[in-house]
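First chain written, first letter: the chains are A, B, C and D, and each begins at residue 1.
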Amino acid sequence: MVATAAREIRDGDVVFVGMRLPLIAFVVAKHTHAPDAVGVFENGILRSTPARELLFTMSDGPNITGALSCLSMLECMALLQRGRVSLGFLGAAEVDRRGNLNSTEVRDASGKAIRLPGSGGACDIAALAKRFVALLDHQRFRLPEKVHYVTSPGFGPWRAGRLAQGGPAAVITTKAVLRFSAGGEAYLHSYHPGTTVQDVLANTGWDLQVSPEVRETKPPTRQELRAIRAYDRDGFWTR
Amino acid sequence: MTEKLCALQEAVARFVPDGASVALGLQLESMIPFAAGHEIIRQGKRDLALVGPISDILLDQLIGAGCAKRVTAAWVGNVMMGSAYNFRRAIEDGIPHAVEMVDHTNFTLALALHAGALGVPFLPTYTAGGSSVIARNPGLAEFEAPFTGEKMQAVRAISPDVTIVQAQRSDASGNAHVWGNLGVLPDAVHAAKHVIVVAEEIVSAKVIASDPNRTVIPGFLVSAVAEVPFGAHPSPVQGYYNRDNEYFGEYHKATRTRAQFERWLKEWVTCLKGREEYLSRLGNDRVQSLKVRKHAWSARADFGN
Amino acid sequence: MTEKLCALQEAVARFVPDGASVALGLQLESMIPFAAGHEIIRQGKRDLALVGPISDILLDQLIGAGCAKRVTAAWVGNVMMGSAYNFRRAIEDGIPHAVEMVDHTNFTLALALHAGALGVPFLPTYTAGGSSVIARNPGLAEFEAPFTGEKMQAVRAISPDVTIVQAQRSDASGNAHVWGNLGVLPDAVHAAKHVIVVAEEIVSAKVIASDPNRTVIPGFLVSAVAEVPFGAHPSPVQGYYNRDNEYFGEYHKATRTRAQFERWLKEWVTCLKGREEYLSRLGNDRVQSLKVRKHAWSARADFGN
Amino acid sequence: MVATAAREIRDGDVVFVGMRLPLIAFVVAKHTHAPDAVGVFENGILRSTPARELLFTMSDGPNITGALSCLSMLECMALLQRGRVSLGFLGAAEVDRRGNLNSTEVRDASGKAIRLPGSGGACDIAALAKRFVALLDHQRFRLPEKVHYVTSPGFGPWRAGRLAQGGPAAVITTKAVLRFSAGGEAYLHSYHPGTTVQDVLANTGWDLQVSPEVRETKPPTRQELRAIRAYDRDGFWTR
């Protein structure tokens, strides 16, 4: 999942790096195919070199030492709003058929509202990055036909007037990679090694379209695995 | 300049009245003013309107201790571990009492404080269109922009009654040096009616004046400044100490139930007199192990002429 | 990071095309990029739309040399001496040709660049109401604010084609340290399509990375960086050299008439190849006398962990 | 003139210090009766101590060395707009009966437009400082009944909704101090030593009201003169 996420980063990209797993994906990309990518962190940090030690949060000391610049959150968000950010990463608790993301409030089986942490910068990345990629733990209840709280908007009428193209470029789950048609409908692009198309469909909350070119996700290369292991030695983020 | 140096107890007692809006945790996961938050809890402040983009687990502690009436934030949880249980209990079940949640995104919250700092009632943005965030937050509204006529979102200004900042070093007048990621600190300082500075160390006015570009907090905006070494633990302060990751993990495990949290609160906050007792409880070995050892000094800049 | 280091000649030739809007003189009376301005004159650039809050006498020189089609500024003159004669000749009598003047106030110009930096089409303000400035500048308009309904002024965004900044030190990728008063520099850098950095010295990436809070100009926004010692003379660069007050006085006296100015321009700009010849002309004694002697070093900050 | 201007600064004031003469007035006030005043300079500088050497511009090196803070212009202007600036100083080429100031464009005797440098921060100070004081070279043509370009608005209908009270608290000229009635009309408050009420009236472009309590301006004290002379040794600004 982390290696697949890292591959979405192109060399030279200005990447808006969200909390948690994206922190690792950025480091892996920098160590492999995208040495010239620049990372933008919403706390105000810009980095052109990967942090030397494992980060638990983006404000950890090693992410500041040797940073390219330490700005304010406003200045980093302004990069997004000016269209200077080529790719944004964010996590979500739920993703729906139209690419809407929810990380604020879900319902449990009984219909009771469960409160999640909220948007952070997720809504901003979805609204303003030129491309964005969402990361998701693949479980059926996390892929409903329609989320009931839109933290980060996907494809829809509000696209007009926004800088972004609208909707995720990819949703990378623990089982698969979903992409979106020009019409804004999700489809199965690839399934990870160890799973199957059937398994993915059975764990998705709507009748997920399957690309005629569906394939197995390219497994992590030795180089990628080495970068992940070297960075997250104890497997805190990547077990 | 007036001397504003006082004990943290006094600063909180004077400038954080019940019912105040309080901005804190301005630099996201670093330099969170835990010592000040714990003092707020010990003094039994009530009905606070807490403002902060994230504040990691400090917001959760203030909510669990019953200090908050409202939380205006973009993200409330435990950044490393996920959910924050007190926050969930308050929002989902009204325990210990109901708390109003005003959801922002990081950018809209930054803009709200920026509007406060600029002295305007709102600022325009393209973010949040089409989201439930804008639908549910009355401080966000669609409007038509002058000149271009396009639909944009307006973010209403937030001017906190008091902003609490953690700084690396300050002089006795509250002129403070801060470095590392700044988050929303500059705007939260400028937008506030009062500012409390909690500094790792008080230094001479000469040290501060030697680098005016580092003086992110001008003292004439500051009401009180307190010297509290290790005042941000378990969050990190660049150049002073690292993040205590284990503490965040332990907190997560130790606060799953309300009863567990009450025990935790007694042990780590209400039974302690202040930061010195807190550090004793933490133990010298742990404190020492967190201190910065690999120094990385800034290249000097010449302010001469 | 890509290497962007080049000669100032090349930077100007590539990134300041005829007709471009050019922001410069961002820090008011200090760190004005005179060397870059003189290169623009030598290369005979035409129809430039100059943007700057003040730019002291550099705007006057560019206008007198016939480079400007439009000037968008808050104040054009010689700060120490008063009027700028080329500016007056151009506006009053169309000599050497007519120039369109778009008047701003310092604040509205700062807000226009801030809007450009934030990526929004306008920003709201309370300034300029009831003035002729707002009546005559189409980039300023009254509108009704959302939420409060009050009448405010909207300032239309300015996004320069190129921003030219003077920096104390930069690495070869354009990551640059700037200290002292910042004026509108941060916003002008962020708002621009291209940025040219003129640095007093090029230093290693390590020096710059040692203090990320001093890196006001992130290299990935920079198109070209040139090393030009004394590039801001006669304006001052903190830590490097002082203001050459006499030069401003001499310029005032030597440019009263068009004929005088033409002589001045030949002597100080068009007959010289570049900054080295300019400094020879200035004379070593004068250069040495301006250099900073009373050093005042910043207290160091620890970025370690 | 400088001493009279300095006296408008109250101890503890946050003073927005404009270009040229106000730079000296601030230093004199700091050295005499207002040691706790804070100076805000539109270039981004905040100072709580007076600069140690003579300033020709606010961006001169000595104004940066030992400054309280170096910010951006936006942050300094925001202090104004937030109502945190108690007093602003500005110069002008013309002042009219209603306290409107012109520093942008005047007419010569033949009616030809003469272009002046423009607003700088003058309009902002007039619009947003809680009180402001204008400095003027007292000549009849500089005090017209009505300026034809309003760089800095005085008393008028645009006051509603602004933070400032509107109009100058005082106009300090080389001959006199003018103040304004509640209705926004200028009157002669005091005339400087060496001049007379008649002289002031003869050099004002409208029928200037005279306060029944009109008096001679208090001459500079020895302490004030000492502070001025010590700072502007060669009399560049204060001859």
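As a convention for this text, a residue touches a chain if its C-beta (ideal position, glycine included) is under 8 Å from a C-beta of that chain, and two chains touch if they have at least 3 such contacts.
Keep in mind that what you see is a predicted model, and the values were worked out from it rather than measured.
Here the chain-to-chain distance from chain A to chain C, counted in touching steps, is 1.
A count of C-beta contacts for the chain pairs B-D and A-B puts A-B on top. Centre-to-centre separation of chain B and chain C, using mean CA positions: 37 Å.
For the pair chain B and chain D, the distance between C-alpha centroids works out to 40 Å. Distance between chain centres (mean CA atoms), chain A to chain D: 56 Å. Here the spacing of chain A and chain B, counted between their Cα centres, is 27 Å.
Of all residues in chain C, those that touch two or more other chains are 119-120, 125-126, 150, 152, 179-180, 182, 186, 210, 213, 236, 238, 242, 292, 296, 303-305. Within chain A, the positions touching two or more other chains are listed as 45, 60-61, 64-66, 70-71, 74, 80-81, 163.
If you draw each protein chain as a dot and join the dots that touch, the picture is not a line, a loop, a star, or fully joined; it has some other shape. Under the contact rule defined at the top, the touching pairs of chains are A-B, A-C, B-C, B-D, C-D. Contact residues of chain B toward chain A in the complex are 27-31, 53-54, 56, 73-77, 79-80, 82-84, 87-88, 91-92, 101, 103-108, 110-111, 114, 125-133, 150-152, 179-187, 235-236, 238, 242-243, 245, 248, 292, 296.
On the side of chain D, the complex with chain B involves touching residues 14, 36, 38, 45-46, 48-49, 53, 60-62, 64-71, 74-75, 78-84, 163. Chain B meets chain D in the complex at residues 1-2, 117-120, 175, 186, 190, 209-210, 212-213, 215-216, 218-221, 303-305. Listed in rising order, the residues of chain C touching chain B in the complex are 119-126, 141, 143, 145-148, 150, 152, 154, 156, 168, 177, 179-180, 182, 203, 207-208, 210-211, 213-214, 236, 238-240, 242, 292-305. The touching residues of chain A, when paired with chain B in their complex, are 19-20, 41-45, 56-61, 63-66, 70-74, 77, 80-81, 104, 112-124, 127-128, 149-153, 156-163.
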